[in-house]
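Presented sequentially are two complexes of subunit A, the first with subunit B as partner and the second with subunit C.
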Partner chain A sequence: MKTYLGIDVGSVSANFVLVDEAGEVLEAVYLRTRGRPLEVVQEGVAALAKTADHGAVAGVGTTGSGRVLAGLVVGADVVRNEITAHAAATARLIPGARTILEIGGQDSKLIIISPGGTVADFAMNTVCAAGTGSFLDQQAARLGIPIEEFGAIALEAQTPVRIAGRCAVFAETDMIHKQAMGYGLPEILAGLCEALVRNYLNNLGKGKDIRDKVVFQGGVAANAGMRRAFERVLKRAVHVPPHHGVMGALGAALLARAQTGPGARTGFKGFDLANRDYRTGCFNCNGCANQCEVVEITQASTVLARWGDRCGRWSRAPLVSGA
Partner chain B sequence: MRLTFPHMGNLWISVKTMLDSLGAPVVCAPLTTRRTLSLGVRYAPEGACLPLKLNVGNFLEAAELGADTVIMAGGCGPCRFGYYAQVEQAVLDDLGVSLRFLVLEPPEGSARELVGRIRAITDARSWWQVLGAVRRGFVVARCLDVLERRAQSLRPREVRPGAADQALAAAEKIMAGAWSSGAAPAFRRARALLEAVAIEPERPVLRVGVVGEIFTLLEPFVNLDLMQRLGRLGVEVSRSIYLGEWINEHLFLGLYPGIHSARGVRKASLPYLGHFVGGHGQETVGSAVLFGEKKLDGVIQLLPFTCMPEIVAQHVLPSVSRDLGIPVLTLVLDEQTGDAGLTTRLEAFVDMLWGNRGGICA
Partner chain C sequence: MKPVVGIPRALLYWQYFPLWQSFLEGIGVETYLSPPTGRQILQDGLAALGTDVCLPVKVAAGHLLALRDRVDLILLPRLVSAARREYACPKLMGLPDLVRHSLSLPPLLSPVIDRYRHDNWPLIRVALAVGRRVGAGLPAVLRSLARAVECYRRYLNLLQAGYFPQEAWEAAGAGQAPDPRAPAGDVVALIGHPYTVYDREINLNLLGRLERAGLSVRTAEQVPEATARRAAAALPKHLFWTAGQQAVGAAFHYLEQEGVVGMISVMSFGCGPDSMTGDLIARRARRGGIIPHLSLTLDEHAAEAGVLTRLEAFLDMVAAQRERGVVVCG
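Moving on, here comes the complex of A and B:
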């Protein structure tokens, strides 16, 4: 049986899925990126190696902000952006989906799917990370509650209090004030959820045609308080799919499946990645005043790739070891 | 007197040609880099828009090289550009950097003030000589427009990745030396370099119009080499603004014959935005309409963070998009030099446009 590997390396989490020919998830691994994308890819692949059929992998796709690095290390057949990957998974697995609300660690997206299953429109948050998973994490930590319990507590609220949602700093100031006034924790958490949803829709939803079925995915979709806040504001049902946390990785796997037709050979470098010695280095190019920070990926003193330069002096140069 | 001026893409080539032809001593600031940005962000007001910060950086770097006088264009109407020169002069004064500002504004009412400022630069040279120098600078700008347009069509079709950009860089270098050898022979040599780039003419490409605020459109340091990135993603770019057209519009009041004028563009914007909103807000909307009518695959709007005219345009564009069925992506640019977010948006947009053509999907 052929299988496909999808990897989504984001700012906060890295997800790994193995799917079969029909697109069913055989195995899913969720890890925290901890700012170490290279190590986390090695860890994730090693975790899958325990149960996977090593000879069966017929294609690999990577996505997320670490997609290029991850793709280089695992030998990906497809390296695609998160929007295309999320849309691919949702259009394929959730019949009738027309709107995707996706909130991850550092960014949030709104994707409109056409009746034909292609992307019709999208928006991504631009200059501010208010309303993303990191902010919820940070507030949960400040209040001393595990992020997993955040949603359940928010659902207990009778009347959510109003929290300013335009900016994370404003929101925090407002929350501290409302706490000091004596409002209950559930009311404040529910208020925060509504503020983040308002912020999300004001930023990403302007001019967008939100239609049923609305699907909520990404790490934050696990938060029941956020889901309810979306339902209240949008006045329609919001579906959270079973694999909501790994939809990006799932999409990457499906894109790899589409790319590697019959007879095509995968570039997958195997499950023993963890034993290889990958290193990243960085140096400042002194070619001009831009002082580009050039990143160099090496494996056992062989340079695999370089990037980070504006002019192409390094990224286009032939790769010589120990340069 | 040692003259300098702010950078905006390859504007320096035609300004330097003009000043060199006059025999005026020029100090070109180093091309905009991260150092320029750091200087500008440090000394310019925090709430100012990005072009002002980079101007300040350019002037400080030029002053280090001995410049003592700044010439720059002025503006009017509800866009902060109208106050750039005054604010920049105040910032430099506070720093104890003494630079004199000569602001060249389109003549409104009395032309005497403008004439006086030009006279300060040109000294005792005859008006005939001055007109000749201005014409030379303008011709070079027009040549650069042609070369850039050609590169935009070559990039998505080039056989060897990067070939068109290498040829364009070499061509611009030739044009930069054109004041001594004459624009026409330089242009012939420059164009030959681009014509020598090997292409696959049959390769399918997407066609995308890029609209928005002029500085972010023309300065590759700010738009993170957007035109090159789009070319690499298989996109043939059309732009709403080219340097020569802008000079004609802005300084010659659109009087130079035979040049694509902004009047038609503004007319196209009327059903959506009925009056001037400052900057290029109306041109952005009008160009998007024209690109939609030409059935391009998509439109990308660029603006510096907090740019008022473009924010107005941004909120009008969804109607244009809906009526003409052309997807629009808005990109807000500021001082970030990390390009991951930009790459993601561009790749997703390009995937979507191919999808609209019935191409790839999972």
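Moving on, here comes the complex of A and C:
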């Protein structure tokens, strides 16, 4: 049986999904990136190696902000952006989905799907993370609540308190004030969910035509309070798919499956890549006034790739073995 | 001896350079152009103007600083109005004052260009003022202005024939007549201010990336002004920014053209007019629902990764649309 591996390396989490030929999820691994994308890729592949059929992998896809690095290390057949990957996964799991609300650690996206199943429009958050998972994480930590229990507590609320949620810093100020006034914890948490939803829709939803079915995915979709807040604000049912936390990785696996037709050979470097010694380094190019910071990926003193330069002096140069 | 006049490679340069260059050359003035935007210019500009101005204005400050020790005068016209009953952006109007008070620069040559009430004669007045300042006589000024206007007209024709500014002003300077360039392949319309669309450092080489993806790029300046104005007349109210008129009109025009497979509105963070015109364009594009549209807002914090992710997703959207109805994945 052929299998396909999808890897989504994001800012907060790195996800790994193995699917079979029919696109069914066989295995899913969720890890924290901890700012070490290279290590976490090796770790994730090692975790899958325990149960996976080693000879069966017929295609690998990577996505997420670390997609190029991850793709290089694992030998990906497909390296695609998160938007296309998420849409591919949703189109498969929730037929008829027209709107995808995706909230991850530091990223949030709104994707509009055409009736034909293709991406018709999208928006991503810009420089502000006020409408993302990190915002909830921060506030949960301040209140001393494990993020896993956040949603259940928020659901207990009778009337959510209105929290000023335009900015994570000001939201905290307002929450302290509301606590001091004597509002209950569930009400404050539910208010925080609504503040995030308002933020998200103000930032990403403006001018977008939100239609049924609405699908909510990404790490934050695990929070039932957030799902209810979306339902209250959008006044319609919001679906949370199974595997909602690893949709990017699932999409990457499905894209790899679509790309590697019969007879195509995968570039996958094998499960033992976890034991190889990859390193990243960086140097300043002094070729011109731009002073690009060039990143160099090496394995056992062989340079695998370089990038980060604008002119191509390093990224297009033939690679030579180091000393 | 006539002074050396510096021209910052920023803002209005991207629109009027052939006019200025041809005129100054004609009256025998030596010009010095700041180098293309690079990291140093960007850093100097950001350090000099920490205020609430858009990235292109900060970049302009960097260019002005790059001219500082090399020229006697800096040409920095104060563009108030480029067309009757229309205005330029307030940051452009105030730019000479802003930089005069916050940077230490050589004297500025800042003629006021204000066509709000009268359409044509201020150009002569501007030319005379510049001529006086650099010690050129009346006959030379008039002769040179006529030649510069002619060169500028050639330049506009070249743009409309499908050339980009750099190649168009080289050709216009050489007196070349436009040789129409049909787009090779599918067209993506890249709409925005010329200084964001053509400055590769500001837009992370958007134009080059699109071309590398096998697409032909068309910009707002490549649509004749009259065509753009006719298309923009579809708005319920006349826009009073000239640049906005051109951007909105050109976008509306492209949305109706065969062969246009996508549109990108590239805007500057903190730009008031852009926030308005960008949205007008996005709404119109969405109403049609056929041509994929991407809004990109740029500033010095725009992470390359984020811009590239959006661009890639946009290109996927364009590809999916071209295959019409093919589902991204089974």
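Worth a mention:
We adopt the following convention: the second predicted complex is superposed on the first by the 322 of 323 C-alpha atoms of A that agree within 3 Å, B and C clash if a C-alpha of one lies under 4 Å from a C-alpha of the other, contacts with A are read in each partner's own complex, and residues count from 1 in each chain.
Operating definition for what follows: contacts are C-beta pairs under 8 Å (C-beta built on N, C-alpha and C of every residue); 3 or more make two chains touch, one makes a residue touch a chain.
As the structure is a computational prediction, the values presented were derived from the model and not from experiment.
Once subunit A is used to superpose the two complexes, subunit B occupies space that clashes with subunit C. With both structures placed on the common chain, the touch criterion links A:S65 to subunit B and to subunit C.
In the superposed pair of complexes, A:N81 makes contact with subunit B and with subunit C alike. Of the two partner chains placed around the shared chain by superposition, neither subunit B nor subunit C is touched by A:C282.
Look at A:G312: by the touch rule set out above, it reaches subunit B but stays clear of subunit C.
In the superposition on chain A, A:L254 makes contact with both subunit B and subunit C. Contact with neither subunit B nor subunit C is seen for A:A300 once the two complexes are overlaid on the shared chain. Touched by subunit B in one complex and by subunit C in the other are residues 65, 80-84, 88-89, 91-92, 117-122, 124, 126-127, 207, 251, 254-255, 257-258, 288-291, 310 of subunit A. Residues of subunit B that touch subunit A in their complex: 30, 33-36, 161-162, 165, 225, 305, 315, 317-318, 321, 327, 332, 334, 340-341, 343-345, 347-349, 351-352, 355-356, 360-362. The part of subunit C that touches subunit A in the complex is made up of residues 35, 38-40, 205, 269, 279, 282-283, 286, 289, 292-293, 295, 297, 299, 301-303, 305-306, 308-310, 312-313, 316-317, 320-321, 324-330. Residues 65, 80-84, 88-89, 91-92, 107, 117-122, 124, 126-127, 206-207, 251, 254-255, 257-258, 288-291, 310, 312, 316 of subunit A are the ones touching subunit B in the complex. Subunit A contributes residues 23, 65, 80-84, 87-89, 91-92, 116-124, 126-127, 207, 209, 251, 254-255, 257-258, 288-291, 310 to its touches with subunit C in the complex.
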